[in-house]
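What follows is subunit A paired twice: with subunit B in the first complex and subunit C in the second.
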Partner chain A sequence: MTEVSETDRWMGRLNTVLLILAGVIVITPTVWMILSSFKFSHEVTAYPPKLFFTPTLANYATLSETTPFLHYGFNSIVVTASSTALGMLLGAPAAFVASWTRITWPAIVTLVARMAPGTLFLLPWYVMFRHAGMIGSYWSLILTHAVITMPIVIWVLLPFFDNIPRSVFEAAQVDGCSPFRIFRRIALPLVSSGLAVSAILAFVFSWNYFLFALVLSNSDTKTLIAASFNFIGEGSTNWGGLMAAATLIALPPLILATIVQRWLISGLTLGAVKG
Partner chain B sequence: MSASTTTQKGPLAAQLAALSMPAVLFTVAMIAFPFCYTIWLSFQSISPTGMTRFEGVGNYVRMVGDDQFWNGIYVTAYLYLLSLFLQLVLGTALALLLFRAKKLPGIIRSLFISPFMMPPVVAGMMWLVILDPSLGAANYILTSLGLPPSAWLASPGFVVPTLALIDTWQWTPYVALIVLGGLQSLPPSVYEAAEIDGASRFRIFYRITLPLLLPTLVTATVLRSVDLLRFFDLIYITTQGGPANASTTLNIYGFRTGFEFFQLGYASALMVTLSVIVLGTVLVLNRLRNTVAW
Partner chain C sequence: MASISMRNLVKHYGDFAVIPGLNLEIPDHEFVVLVGPSGCGKSTLLRILAGLETVTEGDLFIGEDRVNGVPASKRDIAMVFQDYALYPHMTVRQNMAFALEMRGMGKDEIEQRVNRAAELLDIRQYLDRRPKALSGGQRQRVAMGRAIVRDPKVFLFDEPLSNLDAKLRAQVRAEIKALSQQLRTTMVFVTHDQIEAMTMADRIVVMKSGVIQQVGTPEEVYEQPANRFVAGFIGSPAMNFIPVTVDGAGLRMEDDRILNTAGIFSRELQDADKTRKLELGIRPEHFTVAAGDPDAIKVDIHLVEPLGSDTLVHFKLAGIEAIARVSPDLRPKPGDRMALKPASGKAHLFDAETGEAIH
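The block that comes next holds the complex of A and B.
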């Protein structure tokens, strides 16, 4: 008996060691990016690479001088926030109706939209927006990014609406409430945490999305992600600046993802896995 | 009673329809119509100035004879299978480690979600610097260990494995958290019975855990397949499909055909083909999931 618990203890220790090792592998590249962003330009390309150095904020300070970083950042915020709001406005009532009527096609349609390659939609959008003279406008970016956000909102909210006992709706109906009122006054307040999770996930995915802005934005409406090419072009001579840009671009999604991590996996897997 | 429900039925249905109408209109305008439009475009020949001519199946005939198309299929399949294999094996191993650790502080969980929640584009920028052939940290580590340095993303022969490694770094924790969800939902009674019977750890895993986990693993495979078959962001930011088209997946090839060479008709045919491949793979895997369900 004692022999078994001894091996169990060793297995437990081995488990911890392997887990720490995995954690180190996972985090090291990111730590390296952040460290490099605080290095002076002659130190960031030093060979052999330096682990210890005098940190500087110079890369962050010069970022807005050497590139229109703040302008791109503003574009990213406009496009991401607007497409998240649009996705919520479209998706929340749709999820409510889908849950109420148990109709499954909205979920399936949005699933297909999630699976098709972005380029498939980008080709006709490009032709459509070119006809409408909308290429390079914020609206073309907001509308296309809502194709990313709306399905996320629907899929995240569906289980939240499904969890509301049907008797709540039935009682409200007996009292003469219309579906509009039930949605606004009863259902929405009951899924408030779902609304927060879906908004945050939609924001993260819209922020991270690369392809649509790559083609549909111009030098004035370019988002940070689409502007990454400029940073890489600059970065061939200035790694510190490149890593500072990368760190700042990664920051909003990483912070937001940490907030919703409890719902993250079930949200990302469209409810296929309970996280 | 029945009179009141029938009179209520009309406005009720109408109000529900009204609530979902914005989403329906948006879906038709931005998803369904473009989807059909691409299929139509794939049968057209469109000049860069916007002149359209019916081409029939010409674009698809051209595709069959196009070496670049087959190269795209090959690169897509190579990258897909290698990445999927690495992520499933490593993800399952990591999930078992996390499962045995029992209590998992939130900070550790945040650490493991950080790779796949950062923009793939940022991952690309980061790895470009780490994998730089002459000054990067990766080659420094290799040479310090007495191993030969690699050109990584600049090597035609090694670019696909390098991309697979970066993607595996980014997405293995995601697979692990999915598998962890599966492990946590398994009934503990089966383990207890096996332990009482004196089965070894390996036998328990191989004979009990793994078969019970199969549905979860297929789910993870579906989710990763959808992303891997459309692999784009990381490649476009690091190599743009190079060197010498060695990392030009079907998605990259279709994108470049459409937006660099402005052959919108042919690009549409390529994208319709890729979509059929993705949807077909998902349907096959869903079939598979039904056969391994318990």
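The block that comes next holds the complex of A and C.
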């Protein structure tokens, strides 16, 4: 008995150490980014980095003066929200059908497409959208970002659907449900935490994806993350401005994750539908 | 309410013939129990009836209609699953109302039916709970409730009692039987528990490896088992089987003792019996204690199991482990010698090779 609890205690300590380590790795750059956004550019690159300094809002002021930041933010929200919605709309039924039929190869195809470097699609897409006259339109970005979001939705939801006892679906069939109704009334409500997790992950990945936006948008539809590249100049980079932009860009996903963190945790641990 | 008819029904999983060819007629209003050992295809047959499994060959009729290609959702059948399969995200009330809602029934009518079923099953006080907050027995009732609100053509039950403890099982068993007499809907009940089969069924269907061994009332399968398998499967403890050959007017056991068969069978031994290897079948409850009777067989008891109402005594008979059910007043002890005799008219004979009963 004592031996077991001894082991448990050590595992507990190890866990704490690992969590702290992970925390430090994740948080340090974030803190650095936020602090830097309140420094003047020359201080950002100073070595050793200064922890104590007089904060300035100059970078944020420059940002709002020199760039239509709100406009880009609006673009980002339109593209990200739409592509997340589109990914959910396509991905959730796809995941349900893949789980139901146990035919997963189409899901694997989407995963492969997701893992392939984006540059692979970029040229053909550019040509296609050009011919369609869609370069610079929201739709070109929404559609291409759905390629990011849909596989995430499918692969997050698959195990959630797999986790529902098959007899529950069969009971619904016997109760007179068509497959679509089973999806709507039984399957979807039972994977609600999975829906939350997949929506957030899809949102974050789409929000942060810059390559497609860089090429397929114009100055009117540019997203935040693509716009932030303006700060990386040919010769010199406006570090302060870049950090201020990065801080603002990182804010929405952070806020989102904080709001839904309880769902996120219960969803990620798959405590979903036992009982 | 409807009759069910299975004609030359075949079910394959790949190359494996779970049901190699089955014919069964279930008349309207009948309570049929399918029994058989694990893996014999009971659930498969039930799922075929429900439309959850396709038929490889043959015809399935429910009422007048051939339903081979009809999906489960259109068969108007209610099923109680072994794991209950309640909808975890719905309350008990919603679980029970769901099927009615799917059929587009009006709110008042749904409310009325759910309440009536809840009353009948004594689950009114749980109507607003989720299944997670119910005990096994309560969930089982909700599963039943979900079926009976519907007033379907046929009820199917797949071992719904297997998760309950012994006491609750006996109680729910009686409830289901009472319910069946009240509703008068055709019911097919699957179990591997022969006591459930005996107590509830109008007719029992005994299956083995996807093949029907016998169809009959509980009395018929108990008193006139069609073969050694049915004889061994129905009844508890199981029937004793003793290898014998015909010797004059009696039966010679393998230890060369001769058993006087006068009166123990419901018929006389035939000439044809004399040339084949036989097995004598005697149920534990069909031994009589006959001290002083010259025809009785003397056995040495090596194990005693008092059940309260009866006592089971274990002994070796011609090298075979055998059991007799005797009166507890005899107070038998291990090491005792007991004189036993098959009760008159209650013994069975089986062909040792084919297992067929010889009547």
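By definition in this document, the second predicted complex is superposed on the first by the 202 of 275 C-alpha atoms of A that agree within 3 Å, B and C clash if a C-alpha of one lies under 4 Å from a C-alpha of the other, contacts with A are read in each partner's own complex, and residues count from 1 in each chain.
Keep in mind that, in the parts below, a contact is a pair of C-beta atoms (placed from the backbone, for glycine too) under 8 Å apart; a residue touches a chain by one contact, two chains touch by 3 or more.
Since the model is a prediction, treat every value here as computed from it, not as a measurement.
Engineer: Mind working out whether A:Gly12 is in touch with subunit B, subunit C, both or neither, as first, second, both or neither?
Structural biologist: first
Engineer: As a test of reading the superposition: which chain, subunit B or subunit C, is in touch with more residues of subunit A?
Structural biologist: If we count touched residues of subunit A for both partners, the winner is B.
Engineer: Under the stated touch criterion, which partner chain does A:Ser228 make contact with: subunit B (first), subunit C (second), both, or neither?
Structural biologist: So A:Ser228 only meets subunit B here.
Engineer: After the superposition on A, what does A:Leu57 contact: first (subunit B), second (subunit C), both or neither?
Structural biologist: neither
Engineer: Which partner does A:Ile108 contact after superposing on A: first (subunit B), second (subunit C), both, neither?
Structural biologist: After superposing on A, A:Ile108 lies clear of both subunit B and subunit C.
Engineer: Which partner does A:Val97 contact after superposing on A: first (subunit B), second (subunit C), both, neither?
Structural biologist: The answer is first: A:Val97 touches subunit B but not subunit C.
Engineer: Per the contact definition in the header, classify A:Ala172: touching subunit B only (first), subunit C only (second), both, or neither.
Structural biologist: second
Engineer: In the overlay, answer first, second, both or neither for which of subunit B and subunit C A:Leu190 touches.
Structural biologist: After superposing on A, A:Leu190 lies in contact with subunit C but is clear of subunit B.
Engineer: With the two complexes superposed on chain A, say which partner A:Val31 touches: subunit B (first), subunit C (second), both, or neither.
Structural biologist: In the superposed model, A:Val31 contacts neither subunit B nor subunit C.
Engineer: Could you list which residues of subunit A make contact with subunit B in one structure and with subunit C in the other?
Structural biologist: In subunit A, positions 173, 178, 273, 275 sit in both the subunit B and subunit C interfaces.
Engineer: Where on subunit A is subunit B touching in the complex?
Structural biologist: These residues of subunit A touch subunit B: 11-12, 15-16, 18-19, 22-23, 25-27, 29-30, 32-33, 36, 45, 47-49, 89-91, 93-94, 96-98, 100-101, 106, 109-110, 112-128, 130, 143-144, 146-147, 150, 154, 173, 178-180, 183, 204, 207-208, 210-211, 214-215, 225, 228-229, 231-232, 235, 239, 242-243, 245-246, 249-250, 253-254, 257-258, 261, 264-265, 268-269, 272-275.
Engineer: Tell me, which parts of subunit B touch subunit A in their complex?
Structural biologist: For subunit B paired with subunit A, touching residues are 8, 11-12, 15-20, 22-24, 26-27, 30-35, 37-38, 41, 50, 94, 97-98, 100-101, 106, 108-115, 117-122, 124-130, 134-137, 140, 144, 169, 172-174, 177-178, 181-182, 185, 201, 216, 219, 222-223, 226, 230, 232-233, 236-237, 251, 254-255, 258-259, 264, 267-268, 271-272, 274-275, 278-279, 282.
Engineer: Once bound in the complex, which stretches of subunit C touch subunit A?
Structural biologist: Residue list for subunit C touching subunit A: 50-52, 71-75, 77-79, 81-83, 85-89, 98-99, 102-103, 130-132, 146, 150.
Engineer: Which positions of subunit A touch subunit C when the two form their complex?
Structural biologist: 165, 167-168, 170-178, 181, 185-186, 189-190, 273, 275
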